[in-house]
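Read through the structures below before going on.
Here come two complexes built around chain A, the first alongside chain B, the second alongside chain C.
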Partner chain A sequence: MKKHVAALMVLFAAASWSMLFAGPEDDRMAFEKYFTSKFPETPKHDFINGIYSIDPPSREQWLEIEEFPPYELSIDAGRSAWEKPFANGKGYADCFGDGAVRGQYPYWDSGRKEIITMELAINECREANGEEPLKYGKGKLADISAYMSFMSRGQKINVIIPEDDPDALAAYERGKQFYYSKRGQLNFACIDCHGSGSGNLVRADRLSPALGHVSHWPVYRSKWGNMGTLHRRFGGCNRQVRAASFKPQSPQYRELELFLTYMSNGLEYNGPGARK
Partner chain B sequence: MMKKTILLSVLALVLSFSQVSANAEFEAAWKAADEKRMEAAAVGYEWRDTKKFLKQAKEAAEQGDLDKAMKLVAKAHEQSEDAITQQAREVHLWSSRVIR
Partner chain C sequence: MLKRIAVVVLLGPLLMLAPTAGLVANADEAMVALGKEVAFDRRKGNCLSCHMMDNGSLPGNQGPALVAMKARFPDREVLRAQIYNPLEKNPHSIMPPFGLHGIISEKEVDAIVDYLLTL
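And now, the complex of A and B:
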């Protein structure tokens, strides 16, 4: 009898431990299952199309927009910038090869103990070659990002959290905590809108599911009237719930990007994109 | 005539002192509210409009509307207190929302 009680206690402790301290891969599988169960009509690979993967009327409009995509000018501007050499004669190709590198970002740099995003790497490439860094969020940096994303279309999202680096796991956990924490005067967490609330209407707009959220950046947003990066959107989301936003490429948003991108591991990058 | 002049001077002096005192009270309240805002920002939980309310309070005070200025300062202070409480609560509650 004592043996049975002890065995049950061990089982209970193990179950509690896994509930409380699930690793990134457990998180991702649960995340994916949640959305594929919530929207059974949507094939898993289609979640990269955001709201258009779950809302047929919006999808029809979007497909029409995609015939003459509003982000094309940005890709062209990015390509021109890509081809123009820096003052030292080198160029982006010296840092990124043919530019098809979106699938390598974001990643945890164990030496620097920080998360490197593609937009951060673009500016680091510039600075390493004696050029001024570009403003994050929109403009020229978004154009170069759009060109590189276009070149990377079809690459798989494959974020790796090194198991032997507790700092990497801590950064992932901070991003996860940010995602699930309520903030701002309206007291909303990211997951409130894009998890349980996904598919619901907010005024005239339907909320998109979080799975695949990171795949299609930068985005031409009709509301902005121009291109913007993922971190620009993070800031907008925070301000919508009346929280002060963080700066693009701040540690907070890089951690958020790491977590959210990990959640979409296995899906394809399909940026740049067009959204309402 | 002399008495009237003295009386008016004293009155002006009293009014001037009370204005100085009200301004000092506003400045102290504004500083306290801004410190509270920075406390909320330090834990990553500043709310969107708090800084705007503090700016509007300064403008109202400069235009002599201390009543409006004090109300805005009180609103900003309260927002930051709520934000700090929100952060302390979320440290414990966020994990309950994780998709498992």
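And now, the complex of A and C:
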């Protein structure tokens, strides 16, 4: 416990240090090292499996679930939506080719000066073709995202923060700030639960490590009884500490996604996923 | 007349004390019971999410087990401060500032302290 607190303080120190002297890549190496040292039994590539990468008993149950994955229906629904042409005769393929593009997102669009996530791009594709945008948290958009993630399995997470673009760096820093800031009546930062707290028990739940958190979305969560996007999860984690949550695809959550995905650079995308 | 007044003056405080003493004992018990209720309530203290205590079911393990509290916290105020605002002692604490953030009321903080001192 003490050791982890100390290590976290080093991480904090490293974080504030890096704001002055270093860049995202130094942050990422410190972040990765924190988790690989804390969980030496877990091979680095396995962190994409969340809590199941560090908790052998629940991993067993999960491997059984993965034999008849609860997200399969969602992939099928996504495939049907993919194959059905828009009213103008075009389709998603005109925007995304074969759909295996998860590895290209999220990215910083220097022209627009904003972060583009895959979910945002799905709706922009629809709107460019005269279709209504879909809701971001769950439902049809999660299905299409599930299909595209499935097509993209095995791609490497490779977020690029153009270091010569101060606006990109500022967006990254805001995402990082969000991750380390205590918030809500219960006063938790993301890192409190998924950094120093990772591996610990909260009643019956064990807390997963942040490394690899972004790899497997959207997720079929038993508690939800359906699929949800990464930003839906962000909202849930904000609300459970009685903090205000933000809208899926708000600038805040896109910045959070950019930061958190950058932290997992080099790991593989393996979505969609199944979680408790 | 004077004598009577003297008796009243003498007895007065005693008469007032007697029932109050009974009330204080009851109030203590009531506070301990309230403290336990608040500590276990998931919407309030939810202390079990982080602490093993009082044989509560499915305890978390983020914080130390809450045992032998009277021996370990001879100064009641130190214990109260830990519940009211743990960040005072450890600025990186993950324990929520129950009093400071109004997660529970002042009275409930006192009640939890009374309860903890029975553990």
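As a working rule, the second predicted complex is superposed on the first by the 255 of 276 C-alpha atoms of A that agree within 3 Å, B and C clash if a C-alpha of one lies under 4 Å from a C-alpha of the other, contacts with A are read in each partner's own complex, and residues count from 1 in each chain.
Throughout what follows, contacts are C-beta pairs under 8 Å (C-beta built on N, C-alpha and C of every residue); 3 or more make two chains touch, one makes a residue touch a chain.
Keep in mind that this is a model prediction, so the values were computed, not measured.
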First, second, both or neither for A:Ala22, with chain B first and chain C second: first
Contacts of A:Ala87 with chain B and chain C, given as first, second, both or neither: neither
Contacts of A:Ala244 with chain B and chain C, given as first, second, both or neither: first
Partner touching more residues of chain A, whether chain B or chain C: B
Contacts of A:Tyr34 with chain B and chain C, given as first, second, both or neither: first
Touching partner for A:Leu201 - first (chain B), second (chain C), both, neither: second
Chain B versus chain C as contact partner of A:Gln252, first or second or both or neither: first
Chain B versus chain C as contact partner of A:Arg183, first or second or both or neither: first
Footprint overlap on chain A, where chain B in one structure and chain C in the other make contact: 185, 187, 192
Footprint of chain B on chain A - complex, ascending: 19-20, 22, 27, 30-31, 34, 176-177, 180-185, 187, 189, 191-192, 195, 238-239, 242-246, 252
Residue ranges of chain B touching chain A (in the complex, touch as defined): 41, 44-51, 79, 82, 86, 90, 93-95, 97-100
Chain C partner contacts - residues on chain A that touch it in the complex: 5, 8-9, 12, 185-188, 192-193, 196-197, 200-204
Chain C to chain A touching residues, read off their complex: 48-50, 58-62, 87, 92, 94, 96-97, 101-103
